[in-house]
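Please go over the structures that come below.
Next, two complexes with chain A in common: one pairs it with chain B, the other with chain C.
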Partner chain A sequence: MSDDGGWLNTYVNSLPERRWFQFLSKYVVVPFWVWRDGKPKLPGGPRPSPQPSDSTQRMMNLLMPLKDPSPIGRAKAVMALAQNVDEVFAGLDNVGTVHSARFLLIEDHICMISVYDGDFSNYIRDFISTIGSVFDALMLVVEGGDKLRPCEKNVEAFIDWVRDHDLFQAPDFPVELFALQDAQIGKKPNDPPHAVESLPRSLILQLHANRNISLGGGYRGYPGYSAAQIRNKLGVGW
Partner chain B sequence: MADPKLVQDIVEALDIPGGSTQRRPVHTVGIGVTGHFVPSPIAPEYCVAEHFQPPAKPEGVPVDVRFSNGIGLVKEHDGWSDVRGMAVRFHLKDGKSTDLIAMTLSVFFAPTETTFLKFARHARPQPCKRETPWQKIKHYLKLELPLPDPYPGQTERPNEAAIAFANEHAWAQPAVVEASAIGAPVSYVRADYHAVHTFVVTGRDGQERRVRFTWAPVAGVLNTNPEETPKDKYLQKDLRDRLAGKQTERFTLMMQIGEIGDDFDDSSRQWPPHRKRVMMGTLTLEHVPDDQQAHSEKLSFNPWHLVEGIKPSGDPVLRIRKDVYEYSSNRRGGIPCPFSNVKG
Partner chain C sequence: MSEIDAAVSPTKDFAPQNVQGNILRGYRHGKVRHLMLEVSNRDVARRFLAASADGTQKDVPRITRSADWSRDNPLETCFNIGITFAGLRALGLPAEQLATFPSEYAEGMARRAIKLGDFGQSAPENWPSPFDQPDRIHIVASIYSNDETAFDTVEVQVGRAFTILGTRNGRNLPDDKVFFGYTDSISQPRFKHVFDPDQVGVDEPKDPLGTVLLGYVTHFEGVEFAIPEPKNVFRDSAFNAFRVLQQNTDAFEAYLSKAATELEKNPRQYELLPKGAEANINGGTNRHEALREVVAAQMCGRWRNGTPYELSPNSDVLGDLSKTNYDYKFGSRCPAGSHMRRANPRGGPIVQRVANYSRRLVRRGMSYGPDPETGEHGLLGNFIGANYGAQFEAVMCDWINFGLQDPEITGTNDPLLGANEPETSVFYLTTSTEHRIRLSGFPRFVIARGGAYTMLPSLSAIRYLSGLKG
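What follows is the complex of A and B.
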């Protein structure tokens, strides 16, 4: 909304939508700020917390780059999963801490999106022990996957790889980004406080470092309950 | 009782040009509505307060609700970006009542009564003018957003001073950032309202839980288009139109349960959104009374006006609001609030 500030004001207000200004921002302004005040990549996955509801329904957004993103390479990724569906179901049933998991092919990535309870490392360990063969099949079609096979023999390396490919989860409250960025470079958070006007720049620079992110920690219809509690309440036998 | 001087200072710090000491210092413009509240079947398990017990009548307990614009101006500016208020009084048996006061901001500006006074004094509206084209370009080149142009006829606003204050005080940043982008709802019943403070509720089994309440609109949340010139008066007419005849509007009352480690006594800190939530009941709005003096302007709500089963937390801002609301009510000649020493 604008008051009557004349044509120049109206034009300047529209700059962010103008192609030439977007071009300038993309190729000059943002690179300048990346050089001047670039942010390190922030780690993926939910952040550690001792509080009970923070340990339930945690989100994993795993982006695995395909070795061959051509239709044939993508078909191989589809087959790798399709031939292991029984293993996935058996694994989900036996791990017991998973609310949901699904695989997606998006552009040049195969993605595993899942909701689980408890500690991240234990979740991956459980998966390796129950559906390691699925990940072995997937690692055949994923860039950098060869050195992780068989997953059962490379557990720690596989956990590190998954952590590195799990998306950074942007904070649920915007200004918390400042504290995360401070902590990542070893600074005491918000000491001194950041200027709130710089929040858009901090976000843009973080999106330069973390190209793909999860927008917040996810929205839950029944927050705070584990898969085990829900199954128990529903009386489904395990 | 809180320091009377501090109480007076807080109320006076909220007074702004264009307001009136005969009216509320903030949330000045408002409209009263009547309706009823029906608790959910699960509510009695979590809170033994009377309005959460199975109701004697199917329509539940009667309520008075006051919706308001946060700014302390007597003149309506419904279309301006602003915090909105929703104060609810539940009318219980034997002439008793209890209040729940909420606003569209999900977090408060300061952690204590003294820091709030400091904020209120620094973030007072100041003369505002449109940034020059060069200033705006400088913002863009710094990957910042320029301040919005003032609304037509707007000569003062708190934005600049509040941001300057927040730049020095990190605790004010969550509320200032949220308030700066809050916008204007298309209707008072298309916004959600947060009670902000922590309350302690006692369940049927005697267990005490630290909780925060939110009214969620059944119609959904929707703001006006900020690119369009704002209208000054539409919210009260919208409510009258929506409740004409036998039409109703509804809100659900959601209760977020805090966990050890959450900030129970600091309403300037949000709780993570994935804390357990319980649906405590449904509020149905039915009627806009003709006598708005009795049902809105003269009413004196108070966030400390509670009943057995709900206790205040140790939040010092909640504590001082008890006396600030009372002082403000007495000053404007409202129907004495439950703690007032003034005879009505």
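What follows is the complex of A and C.
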């Protein structure tokens, strides 16, 4: 974009609002760039970090597509959880690293939204060994879930599946997207450095691969403490 | 009839002839040479593997099996191999089978760096040759012997089939010590169905074979780790994290002195170590030396001679105490942040209540160096288990570093092994009261200098790989 006057600059700056250009972008420009420089899907969940405080209160936004999104299918999903509610609460207690967790039915997905401490795969693995039966019940109503049942016998595949369905967490600082895209295709990050004006294109291409994303890692109302540290300070036992 | 036949109960399916010999029990040889190999000619490499599994060809070393183990007549030289994911590809394993291997293994150690704490000084970018080109390392072959000439003989034989990218020599230090001065390898998992004379009388719960071998029941109730395809071939294999770990002993000893000097000025030092207890440390020593040893003992969880700190906080004399039989509890004298307690919290209180005993690893290591030029010295370690994510990585990222298992240490790293920086490092010493003494300002004492994720394939897997076509 240019701030200089002149009719050409004014016209070019107005392109994103023009219907013909929007049409062209949607059906020609974006598909062309997807073909030319498509981005692989970026993995879901928080990324490992050398900073210990990044390892507490991590966000999970797990979108599981329903096999049958009709009211009957949705009711089955509700029942799958309702019949296991005691196990879920007992499991959350025993895993010990969960701040909060909830299940939502949104559009064609059943979603598990949770905040937990430490490594993602340890969290899921401990969950499977504690309340595997609940995930088995859930996988009955979820698209692609059949080949993951029973979860206890398919731990690695189940963890990979969850990572694949957990939302990619876009970096809080948008330019960091470049490094993630480089690393995903096995390139040394930012070598050579990317032109910052190509960021919108990279973002659009990424949103083509990761349709649903988390905008940043999420907001914390207090510094990174583990659930156990909070329970310990409150004197309610960990 | 070898001892193992009597030692292994007739468990259905367990075949010690099919398991490499360095997994279930440690060898007793004093020296090791690891060869980092690249498959430069697929056919030659396959022929070597076939002959090595077979073991009848004179100029090809025979893979040592678990069944070869004998207390009284150990083999003079043992030979074992680990194969990286890049190695499987180089040997021609088809893509649809490669896809059945776990993702940690497929990525390889260098790409798991952040999770393992390998950043800063330990970052793979700083690893020396041959570990600066991790994708070229296809096989890590290990030769164990007491006789150094055996290393050269075997190395020549191996070199006819592979490009040798680099070697690392290791040796046992006297009295099973490591360079930090501790007696090592005291506590190991012990397996159901496997007799290990070193572990007689240990009272920790026995570990199921699935802790370390693919295809068996694991410590997680009901959980089985996936066996790559074809399952009947890769069953009895194990996964190994081979690590070259430099030990910065000068910095460690200097820090102990600094900490002891500070503690001598601390009015609560007698809650840490009562007056007069110096007589029971190191055969009797002065206050400063004794305080150094207390800091070393609390950081590790053992006095340097191996006596557990938990059982004996004021003396390093073992006496009638057991080196292995004890447990941790709330208020233990062994700090929750100590190296041993982080690596194996035993039955003690941890946040992840389901995880006690579930992340056990087999550790086999020998010391290396000092290098005549640089003085670099450390440990060549093998950390063996059935699943990287559930064991090695789980321990490294949540327990050794970060300390998620106990809210009193969360946010701190292992004082010996952790990814510490002087600006942020913290370690709390326990005392005989509830008061804890805070130590800080120590650097990273152990620096990663290389390594690889390798599979220790079963004998049937080695034969299968050697028979690949194309």
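In this text, the second predicted complex is superposed on the first by the 218 of 238 C-alpha atoms of A that agree within 3 Å, B and C clash if a C-alpha of one lies under 4 Å from a C-alpha of the other, contacts with A are read in each partner's own complex, and residues count from 1 in each chain.
Criterion: a contact is a pair of C-beta atoms (placed from the backbone, for glycine too) under 8 Å apart; a residue touches a chain by one contact, two chains touch by 3 or more.
The structure displayed is predicted, hence computed values, not measured ones.
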item	value
Which superposed partner A:226 touches (first chain B, second chain C, both, neither)	second
Which of chain B and chain C A:199 touches, first, second, both or neither	first
First, second, both or neither for A:156, with chain B first and chain C second	second
Touching partner for A:40 - first (chain B), second (chain C), both, neither	neither
Touching partner for A:29 - first (chain B), second (chain C), both, neither	first
Contacts of A:125 with chain B and chain C, given as first, second, both or neither	second
Contacts of A:53 with chain B and chain C, given as first, second, both or neither	both
Partner chain in contact with A:21 - chain B first, chain C second, else both or neither	first
Shared contact residues on chain A - chain B and chain C	50, 52-53, 56, 224-225
Of chain B, residues touching chain A in the complex	130, 133, 136-137, 139-145, 148-152, 154, 163, 166-170, 173-174, 176-177, 180, 226-230, 257, 259-262, 270, 272-277
Sites on chain A touched by chain B in the complex	1-5, 8-9, 11-13, 15-16, 21, 25, 29-30, 33, 50-54, 56-57, 172-175, 178, 190, 193-201, 204-205, 216-220, 223-225
Contact set on chain A toward chain C in their complex	47-50, 52-53, 55-56, 94-97, 117-119, 121-122, 125-126, 128-130, 132, 152-157, 159-160, 224-229, 231-232, 238
Residues of chain C that touch chain A when the two form their complex	102-103, 114-115, 117, 119-120, 220-226, 350-355, 358, 387, 389-390, 393-394, 397-398, 401-402, 404, 406-408, 410-413, 419
